[in-house]
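Pasting the structures in now, so scroll down.
Here come two complexes built around subunit A, the first alongside subunit B, the second alongside subunit C.
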Partner chain A sequence: MTDPTNKIREVARKLLQKKEVELIIGFEPGTSPLQATPCFIRDKEEVDRLIWGSFCSNNLATYLPKRQEKVAIVAKGCDVRAIVELIKEKQIPREQIIIIGIPCQGMVDRRQIEAELEGKEILKVEEQGDKLILKGNNFTRVINRNEYLYPCCQACTHRNPPIYDILTGDLVEEKATGQYPDVIQFKAQSPEERWKYISDEVSKCIRCYACRNACPLCYCQECFVDNTHPQWIGKTINNSDTFIFHLMRAFHLAGRCVECGACERACPMGVDIRKLNRKLTSDVKELFGYEAGTSLDKVAPLATFRPDDPEEFMLNP
Partner chain B sequence: MKKEVNNWEPKIVAFLCNWCSYAGADLAGVSRLQYPSNVRIIRVPCSGRINPFFILAVLQHGADGILVSGCHPGDCHYLSGNYSARRKFVLLKRLLEYAGLEEGRVQFSWVSASEGGRFADIIARVTEKIKALGPAKKLVKR
Partner chain C sequence: MNAKIIRKKDIASFLDSLLKDYEVFAPVKRDEVVAFDRIRSASEAFLDYTNSAKPPKEIALPQAETLFTYSTTDNTASVETPPPQDKLTLLFGIRPCDARSFLLLDKVFNGERYKDVYYLNRRAKMIVVALGCTKPGATCFCTSVGGGPFSSEGSDLLLIDIGDDYIVQIITDKGAKLLEDRRLGNAGEGELALMRTVIREAKESMSPGIEIDGLKEKLDKMFDDPVWGSLSEKCFSCGVCTYLCPTCYCFDIIDEGRDSGGERMRIWDSCQFPLFTLQASGVNPRPAAKERYRQRIMHKFSYCLDNYGQIGCVGCGRCITECPVNLDIRQVLTTLFDTEVAK
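What follows is the complex of A and B.
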């Protein structure tokens, strides 16, 4: 397998040289060894800044809406799914983007590693296949990257990009889709337990809206939380307000959420944001057979209907 | 002997579409049908007009129950408003119940303009259910 970093640089250099695109969106090393940060490259001399690794977790599709120039974007499975949804929602034309697709191995959760090291500082990280070699002052530790993946990456069923123009790396094996063991498990609890769990989770929320800003599909010019006329919900951290905020944030992503986990990674308070999104994703799959971002042709579930849609939930005396 | 006093009566908000369910409620009225007086009706142009926010806002302001009603499938005045609404409703109802809201707090039904009797029945059923559930506490803003 060729190293994706070299392949990405090579592709990016060619695209800029031939002036096929004006901008490359990818990743460069972050300020700490366990981070990669999004980077925007317009000059072909700078393509060597681009990298690929276990920490390229951001969903770069966030940067696409409202772009004027032609863009090439480095995108893993979930990023491409977000791009597909953005194309379908007419936020960016397909012709304006070149997708440099990367089959993803799952991204490594920095916070899980840091929690285990109990404050020891990591100065350097080397990647060798599934192994991550963490080096710091007077210590070296080797860990298996697959044990430290983000929860959303562990559950991921679309690691390969559903569409792409250029593929860097070999396609990886996929898990079976349509499995939602976490939803079934949570549903097995009593309503009171579920209410308590989600109440406790949302009570951590400080209403910073980082989850909304990180979400590739939350691109509304005026979000319901900013709206004052009508003011849909109070702006306080009253439990009722935060609960409704989280319900509606999830609901606005019904049939659109691509499960990239950007919301959860962005959350400074560690709220279990994906809990509600997962339920909607599983319901949309079950009721309407739709998986967000997997096809350019399928119409979004809430933009269409069938006369024989399920209606057992309706009251019928 | 101590007498148990329970004067609590639920407040139920009903969103009725202008063309079918509201006319159905009207028919129930002019037909002199009896049904519980716990319901407060809000007339909307179509069940497709119901933003899930309406439902959550009503819960936040302390309603004990919610009924949303529109034209039967195929009868929508705007042809497909109720079909689109149905997809939203099923997801919303499931989401709210998943989050732990009592089952039956938010209900949906179809009532046509000729179904005054059905409207009275539905209100009776919903009121009975909400009475059994007791006052709404979750989501109410304090």
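What follows is the complex of A and C.
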């Protein structure tokens, strides 16, 4: 995984040197060995801050809407999908960005590692292919990174960026698209079981809206939860209102969610936010044959119509 | 030193006996996340934790509370305030940083001119049994802001884990009263010596802290410094830092009305939310993450000192572990300290 690091730095240096962009958005090491953090580089002398690794999980596309300057952005498969949707929704012109695409092997969930190590502090992490070597005081532990991926990465069918200006790694094998085994499994449960699961999950929600703010496709100047005239939902932690918040956010993302998992990672309470989004994603695929962010040419299904669009919901309610 | 001892194997029955007289809140683990919840039996308490996701401030300052309800008929209207809390609340197993945080909240809600009866009623009924930190977390920095892993500030009793037993330090009269009739033995010399070792080793294991001395004076000259822009560039104003902060207390007041009545409620708010300072005119004096993040730091490390004589941070580290973009307040403060003040 270190090869992409050098390639990314090289690309960034050249772009800044030739003044093709004013800003590079990428990742640098975080303040703990299991974290990387977004970084903004404007000076070519600083490009060695940039890294690539198993903890570069943030979706940097969230920093693009309404930007004024020309920018290059390091983007994994899901990040590029978000960029594609943002371009189609006119939040950033294609010409204003240079996509430094990077095929992704999935991001490692540090909380799964921390839970397993039960509070033992990790002081250093080394990556060797699929192995992560975790070192602490008086212990070393070697794990297989593929056993600690985020749930969204485990299900991912778009590891390779669908579009890019520069590719900084080798393309990787993809799972077949259009498979939603987790949705099929959830649908097989009874309505009571499904209701209980979702109710229990949203009861953990503290309405901090971190999920909304982390999401690259949630960019409304005034979110529906903040409206007071009319007040769509209550602002307390009443379970009913909280349920509606998650439901409506999922609906607003139907056909737009790129399953990057930013919402789940941002949530401090461990709410399974993606469950509802996954259902709507599979519905959009089934009804309209559309997957968000895979092509600049395909119009989002909720922004257009075809005469042969499914009409069952009208004719057979 | 007035110290009792309780065997770890007796903690469950100790807690169960407390449940008879108090509503007990203790750390509870649910799906890998620890939070302070009301427990109905000692077996629900989970004490082998670093710190909870949500701080215990919600026990005195609930995320949503009813200030009054109102109802109307054709020609009458009535307003009712909810009755003050009856039962005593025991916060069991909270960390010294969280115990300290209540002292700052007390200063805010028990001001000279304004006293918040809702908060104060709850605090009056609260008793705190804190649990010292024998294994401080990697992101803990309580010692940099006037606290410590075994600080007794804000506690009535302080438990210290010495292996098979807990030392019980009696901090206040309230704490002493709680132990009356519970017949705990006195801690012996050997046990106290072990306690001193545990305390020393815990302090030595803490991550290097940050320099705070002289920070306020520096910050007061840096309001317009461009460094705030680069410091906050990755922040997307999600508000998690404020909701999880034990010393953050901003709130909003809303009405939830139906046609024949409703309630006025107080709910948590956050200075990091983009709409926090949006005025009716449409002007927003803190339009971007830069202004809002600056506000957070200035409030905690300068204005709180002016207003309450205390730093508005207890070093619990939750904002560090939970920030989705790893905006680390320790790094921020160090950068500010190292930035040369523009003349």
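Here is the rule we go by: the second predicted complex is superposed on the first by the 312 of 317 C-alpha atoms of A that agree within 3 Å, B and C clash if a C-alpha of one lies under 4 Å from a C-alpha of the other, contacts with A are read in each partner's own complex, and residues count from 1 in each chain.
Convention: a contact is a pair of C-beta atoms (placed from the backbone, for glycine too) under 8 Å apart; a residue touches a chain by one contact, two chains touch by 3 or more.
Here the structure is a predicted model, which means the values were calculated and not measured.
Participant: Would you mind checking whether subunit B and subunit C clash or fit side by side on subunit A after the superposition?
Facilitator: On the shared subunit A, the partners fit.
Participant: Considering only touches as defined above, state whether A:Val11 meets subunit B (first), subunit C (second), both or neither.
Facilitator: A:Val11 sits against neither subunit B nor subunit C.
Participant: Roughly how many degrees, to the nearest 10, is the angle at subunit A when you join its Cα centre to the Cα centres of subunit B and subunit C?
Facilitator: Seen from the centre of subunit A, the opening angle is 90 degrees.
Participant: In the superposed arrangement, does A:Val80 touch subunit B (first), subunit C (second), both or neither?
Facilitator: In the superposed model, A:Val80 contacts neither subunit B nor subunit C.
Participant: A:Ala155 contacts which: subunit B (first), subunit C (second), both, neither?
Facilitator: Neither subunit B nor subunit C is touched by A:Ala155.
Participant: Considering only the touch criterion stated at the top, classify A:Ile97 as touching first (subunit B), second (subunit C), both, or neither.
Facilitator: In the superposition, A:Ile97 contacts neither subunit B nor subunit C.
Participant: Just to be sure I read the superposition right, which of the two partners does A:Cys39 touch: subunit B = first, subunit C = second, or both, or neither?
Facilitator: Second partner only.
Participant: Would you sort A:Cys257 into first (subunit B), second (subunit C), both or neither based on which partner it touches?
Facilitator: neither
Participant: For A:Ile143, using the defined touch cut-off, is the partner it touches subunit B, subunit C, both, or neither? Pick first, second, both or neither.
Facilitator: So A:Ile143 meets neither subunit B nor subunit C here.
Participant: Looking at the overlay, does A:Leu287 come into contact with subunit B only (first), subunit C only (second), both, or neither?
Facilitator: A:Leu287 sits against subunit B, while subunit C stays out of touch.
Participant: Applying the document's definition of touch, where does A:Ile273 land relative to subunit B and subunit C: first, second, both, or neither?
Facilitator: neither
Participant: Look across subunit B and subunit C in the superposition and give the shortest C-alpha distance you find, in Å.
Facilitator: Nearest C-alpha atoms of the two chains are 10 Å apart.
Participant: Show which residues of subunit A both subunit B and subunit C reach, each in its own complex.
Facilitator: Common to the two interfaces on subunit A: residues 234, 238.
Participant: Please give the residue numbers of subunit A that touch subunit C in the complex, ascending.
Facilitator: Contact set of subunit A toward subunit C: 30-32, 35-40, 58, 62-63, 111, 115, 119, 121, 204, 206-210, 212-214, 222, 226, 234-238, 262, 265-266, 268-270.
Participant: Within the complex, which stretch of subunit A touches subunit B?
Facilitator: Touching subunit B from subunit A are residues 183, 186-187, 191-199, 224, 232-234, 238, 240-241, 243-244, 247-248, 250-251, 254, 276, 279-280, 283-284, 287-288, 301-302, 305-307, 309-311, 313-317.
Participant: Tell me, which parts of subunit C touch subunit A in their complex?
Facilitator: Its residues touching subunit A are 30-33, 35, 48, 50, 53-54, 63-64, 135, 137-139, 230, 233-234, 236-240, 243-244, 252, 254, 256, 265, 267, 270, 273, 275, 320, 322, 324-328, 330-331.
Participant: Spell out the residues on subunit B that touch subunit A in their complex, using ranges where they run on.
Facilitator: 52-53, 56-57, 60, 67, 73-74, 80, 83-84, 86-103, 107-110, 118, 121-122, 125-126, 138-142
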